[in-house]
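Each chain carries a letter (A, B, C, D and E) given by its place in the written order, and its residues are counted from 1.
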Amino acid sequence: MFLQHLLNGITIGGSYALIALGYTLVYGVLKLINFAHGEIYMIGAYLGFILISLLPAMPPFLQGSLPLFLLVVFGIAAMICSLYGFYLEKICYRPLRGAPKLTPLISALGASIFLQNFVMISMGAKDRIFPQTIGMRAISLGGVSFTPLQLTIIFSSIALMALLYWFINRTRLGTAIRATSTDPFMAALVGINVDTVISVTFMAGSFLAACAGVMIGLYYGSINFTLGYLGGIKAFTAAVLGGIGNVPGAMVGGFLLGIIEALGAGYFSSEYKDVYAFFILIAVLVFRPAGLLGKRSDERA
Amino acid sequence: MTAPDILTTEALSVTFGGVRALAGVSLAVREREILSIIGPNGAGKTTLFNAVTGTCPPTSGRVRLHGRDITAKTPDEVARLGVARSFQNLKPFAEMTLLENVLIGREIHMTSGMAAAILRLPLFREDEARQKRRARELLAFVGLEQRRDHLARNLTYGERKMLEIARALALEPSVLLLDEPVAGMNPTETGFVMELVKNIREQGITVVIIEHDMKMVMGISDRIYVLDHGELIAEGLPHEVRANRAVIEAYLGGGHAPAH
Amino acid sequence: TKKEGQEGAVIKIGAAGQLTGPEAVFGSDMLNGVKLAVEEWNAKGGVLGKKIELVPGDDQAEPRQAVAVANKFVTEGVVGVVGHFNSSCSIPASEVYHKAGIPQISQACTNPKLTDQGFDNVFRVCGLDDQQGKAAADFAVQKLKVKRVAIIHDKTTYGQGFAEEFKKNLGTGVEVVAFEGIAKGEKDYSPVVTKIKSANPDLVFFGGIFTEGGLLIRQYKAVGGTAPFIGGDGIMSEELLKIGGPATEGTYATFGPDTKEIPSAKGFNENYRKKYGEPGVYSVYAYDAANIILQSIQKAGAADGKKITPEIRAIDYNGALGHIQFDAKGDVKESPYVVWKVENNKFKQVK
Amino acid sequence: MNARNLRHDLFFYLGILLICVPFLKIHTLYVLPVFLGAWGLRRFADFAGENRLMVTLRERTVNSVLAHRRVTVGLILAVALLIPLGASDYLIEVFTSVILYAILATALNITVGLTGVLVLGFIGFYAVGAYTTGILTAKFALCGFWIALPLSGLAAMLCGILLGIPALRLRGDYLAVVTLGFGEIIRIFLTNLNGLTGGPNGILGIKRPSFGLFTLDHPRDFYWFALAVLSLVILIVARLVDSRYGRAWIAIRENEMAAGALGINVFRKHLLSFSLSAFFGGIAGSLFAVKQGFISPDSFTFYESVLILCMVVLGGIGNVAGSVTGALLLIAAPEFLREFSLYRMLVFGAVMIAFMVFRPSGLLGSRVIAQEIKDRADDGP
Amino acid sequence: MLRLTDLELRYGPIRALKGVTLDVAAGEIVTLIGANGAGKSSTLKAISGIHGTSGGSIVFAGRRIDNLPPHEIVALGISHCPEGRRIFGDLSVRENLLMGGYLLAKHEMAGRLDEVLGLFPRLGERIHQAGGTLSGGEQQMLAIARALMCKPGLLMLDEPSLGLAPIMVEKIFETIVALKQTGLTVLLVEQNAGAALEISDRGYVLEIGQVTLSGTSAALRDDQRVAQAYLGG
């Protein structure tokens, strides 16, 4: 049973981690909690739904190969969500650069309410159901049952994280993101277009969130417009658990949160599922005030 | 006869991760003197201030004020005991007026409580009026009385430094620690600060200064300590320090050789 | 706001529920049901020679909003209210209606507390949790002859109340191997289902609605669970089948009898479908509730809540749901709960 | 307003529409007016920011309000007192809600606005207050409202202290998440501690308070009572702000390290502000319980915390009058938007964004703005 | 090479520059001196596009550059090394330098890195250390090196000696002279007016947002008012 819980935890933890990365990336460059990020994730799930529903209308070569089709779905959903991220920043945050710290937070919340209701109005309040064609048959192995989809999700989330890690640490644009997050003023002075970097950051975060959205949609088979709220809070908690602004931290935090929840709910009472996560968070922060991997950025006197 | 020691450190050490920022520094500040601490960048001067004031608790060693151990005290306790400081990176309260900035320094001398504040008892009004009067005096002392109702964020760099000194003085400290008070100032302004520091000492306050400006250091210090790599490498009167080989090599360079 | 002169020209009835937010679907099902009734009456010339105006009220499933909506209805001169959906909204709102003397008929609020308050103006056309809980338990014990039952509920007034009634009525011969609450709105129930599976029950009871129900069933089967599920009116929806997919095959639900078999409901189903698509499970209840109010206005001969209430209490109504009469508390006299089962991806009444 | 701006904006909003396309159905085109409205607001903001007349007008207003503070306050109070005489019960209930939220916003403003601590689970204190009253007066009928009211405040305060002791050692966004967790934990406990809180069913039958024989049953009477509490809370907070306590809080917000070096016990002052705002939050909760007569966990969601925070920020951070204005806006506005039914929250969200873009420092601004205007008058152009 | 005409700049209601006119010719070192808050840093910020101007013009190499975004100005060959070093603390020395050459083409990068490290061998020794852990003097070196990475035609240094030990100050000034020898144009802002005027060709004195004096360094040093106000003599 333990292994089963662990596996469940890792699956859901992977999606927390992918969303948490978006929070962390944006926090890094703007020192801002992008509260509308959960909504992007939700929109990603909807886009996944819309695209997958189009399967019958697809050219035969796509219909024939499910993995290829899914890849296309992920790609398109992620791209459109990147655009959402791009516009979100442009509309809600860019005009507020340099405003008091809480101001963009409120416009973020406004955006979150807006997007949620927008999707509700246009897609309906009902749950949308993914066509259940993909990898749902449970496989049992030594008392642990899992679906091929579950494995795919775990591996692709890890792959996506690796991709991001490479992007952040090995590419020029990635280094520019890191530079901007330490000192945007200076970044501009060495010729980095800070606006571009910020946009790219939002797009990268949204890209990952969209992938998480499609995965979760496939995994649970049903989505609705409130998906972003819970997913957002959980992922945000994960980001803080790992140390907000810290990329590996978000990954660790996401997986950890998923596992804690799965074990807590499994071995104790599922009624208090969310409580475990927050208790662990408080406990971690009491001993490591900047999260698990966060650096204590003491102001130098 | 030399004055008695007011503030002493015994084998004070501070480590950050693996880095020893301060490695067993023992020094003594005498009552009513102007003491300077100099040393290369990263020598541990600011860290010394931080360790003394409890901002950054020392890894080992002791700090004593009037012979009393204050090593484990928090910054606010140290301040209440009479050690005030200014910061290397300016830290005025930007969204408060100058008068309010200084009044924060008067906080520890205020006597009225919460109930008095809510009910606006005479006790509260008198206390408030008394402290405001004192705060204005202090602003006048550093030459900022005219601007008392401006927000601190609108001050120039130099004015901010003055405000910080006034705010620290508001504590009525027995020891004042100044971290690079004239950095970024031109000679005229430096001269003004030097006079100010002398005046402060006249009022019976002991002053400890960290500074890279040799004109100021050599001009007003009674004594100088030199730190390098977290250790004391020299101590003495200005002319002695200026002639010290180790100090020249590590810190002063050719330009400040004793030839002057 | 309308001018005084126009007030008398129409008769206003309110329809309150969650029109926005996560379960807005219940709100719109209800609203459409009421709309249909109002349109039909208006087509026939209204009541007492006046047109009927439907005033929607969005309580967002939030008690504070529900009270605001109720007050707004009172101020606007609404004479009767269909709603609210959630017990946590209906209960505080009913106090406002009570003070103003406006009759309220809930189409879906199954919590006993609503009518236990002793307000004379509060009614419901649906069954109660205790009736439903008993129906489900009887079925499980007598027909399915289960020995080990796992119970899950969604920690809402409805879900938990239903689950507790079910448990109470199981009797001593049945062992409850698990009693778990889950968080609504969540998507991941794998910990609970893993736990339930290892408890090895013959039957899993779920008190809650289809959104979570579908996911639970699906995830339970995905971790290799085999026991069938049983739920109540909350899971009785086409949506359950879509969310749960093939995993829902064999799931039971307690609900009213098949409206398709009641001749009176046939017309409703056709008309509704024409206008708003497939009716939701509560559409017909809302439709009947509205009809009861309108008929009572007709009988009372005045659009005045105080006069309408006694008429509702005394009504002997034959509508889409069949025969309805209210008892002293305001509940329906006979509770016609029957059991349904999913067969070939459709709910079929178990004979 | 030049052509480049215009082109830029067009590109902007067309872009939004384009990415909406996957979701687009005919009726969602209603979104268009919202965008146009937002665009109009932005242009108006630019205009108002540059136009001399508008600028002077604004400065004049600010100055005269500042100069005649007492008169302004008196006027507002008079209007507030008279409202119930002319309004329908519905409106009175709406305004009573506004008052409760104004208390909450004023309380939250102490931590968020003055000490600069972002609290995302403030509703937790409100819930504790409401449930304390509910449990004491209705569930177990241990005492009357007048005893329960202060006890509710104290219970919330106790929670504040218990939470504050570990949490206030954290900073910034870490603290924010911990408070968010607190709000959620409270709600989960309320839902699950059936014996004490009635679980999801909540607590029913909480009586309205009475003065001797006189019960505050009528909405109007209760409104006045709530208004009195609000006035008292504002008076206390305003006086504290204008004393050594308020100064110390702001100093901590501005620079914790410097405040510490000046002898201020940062932790204690933080805890004081935190528990004080928890206390007032609890008081508001108690009022809420008796106003509704029924409480259940559904009333204490994260969304409510967010709503209160929005009030504080929208009104103007750190500004007591701002918090009240924010409450008025955010409770009353959606009430009037009810006509839009489905589009209500959509418009609400869009307005929130537009508002922030239009007026980043909140409706009444912070004191910084007023001060800047003054400075400019001092310096001359 | 660079010409400012009647440049104005404001921070909200505060007018920091009230019509500054100055020019810098190719290959010279020009110093700006002035009291605190006179507007020296603001002038540099206006040139590098960090802060928008509200009047006047900036012409560089024959082209109006006022109110261009900073990255375009860097691309034109103006490099600004701001007050307070501002090293990217989490990035290694190497990454700091690479960021300095952000706008260089890929193939140029390696070569330029070697050239700059040649000027500052000490940085080469610490190439993989995180920038934030360097000592103050080293950080200043790194800041200058980073500013040189983009092969600027004009280097603007804002108080490079601020808060540095005297021995470090000497080194920094030596470096600036060495850079001039390579043909670089330097616009220098310094409180340490004596030392700055010693190495520069010409200078301007700023007071409350306006140029009040200008001339060759020698002339300024001999000027009575300058000597009194800025040289402490």
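Keep in mind that, in the parts below, a residue touches a chain if its C-beta (ideal position, glycine included) is under 8 Å from a C-beta of that chain, and two chains touch if they have at least 3 such contacts.
Quick caveat, the model's predicted, so the values are computed rather than measured.
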Touching subunit D and also subunit E, the following chains: A, B
Furthest chain, CA centroid comparison against subunit E: C
Interchain centroid distance [CA atoms averaged], subunit A/subunit E, Å: 42
Centre distance in Å when subunit C and subunit D are each reduced to the mean of their C-alpha atoms: 35
Between subunit C and subunit B, distance of the C-alpha-averaged centres to the nearest whole Å: 73
Intercentroid distance (Cα basis), subunit D paired with subunit A, Å: 30
Per-residue overlap in subunit D, given as positions that touch at least 2 other chains: 188, 191-192, 257, 342, 345, 366, 372, 375
Subunit E: positions in contact with at least two other chains: 14
Residues of subunit B touching at least two other chains: 55, 87-88, 154
Subunit C contact footprint on subunit D (complex, rising order): 88-91, 93-94, 97, 188, 191-192, 199-202, 204-205, 219, 288, 292-296, 298-299, 301, 335, 338, 341-342, 344-345
In the complex, subunit C residues that touch subunit D: 19-20, 56-58, 61-64, 67-68, 71-72, 74-76, 86-89, 91-92, 95, 111, 113, 117, 155-157, 159-161, 181, 183
List of subunit D residues in touch with subunit A within their complex: 12, 15-16, 19-20, 22-25, 27-28, 31, 42, 112, 118, 166-167, 169-171, 173-174, 176-178, 180-182, 184-185, 188-189, 191-192, 257, 302, 306, 309-310, 313-314, 317, 342-343, 345-346, 348-353, 355-357, 360-362, 366
Complex interface listing, subunit E residues touching subunit B: 14, 33, 35-37, 133, 135-137, 159, 162-171, 191, 193, 228-233
Touching residues on subunit B, where the partner in the complex is subunit D: 53, 55, 74-76, 79-80, 84-85, 87, 91-97, 100, 103-105, 107-108, 110, 112, 114, 117-118, 120, 124, 128, 149-151, 153-154, 167-168, 170-171
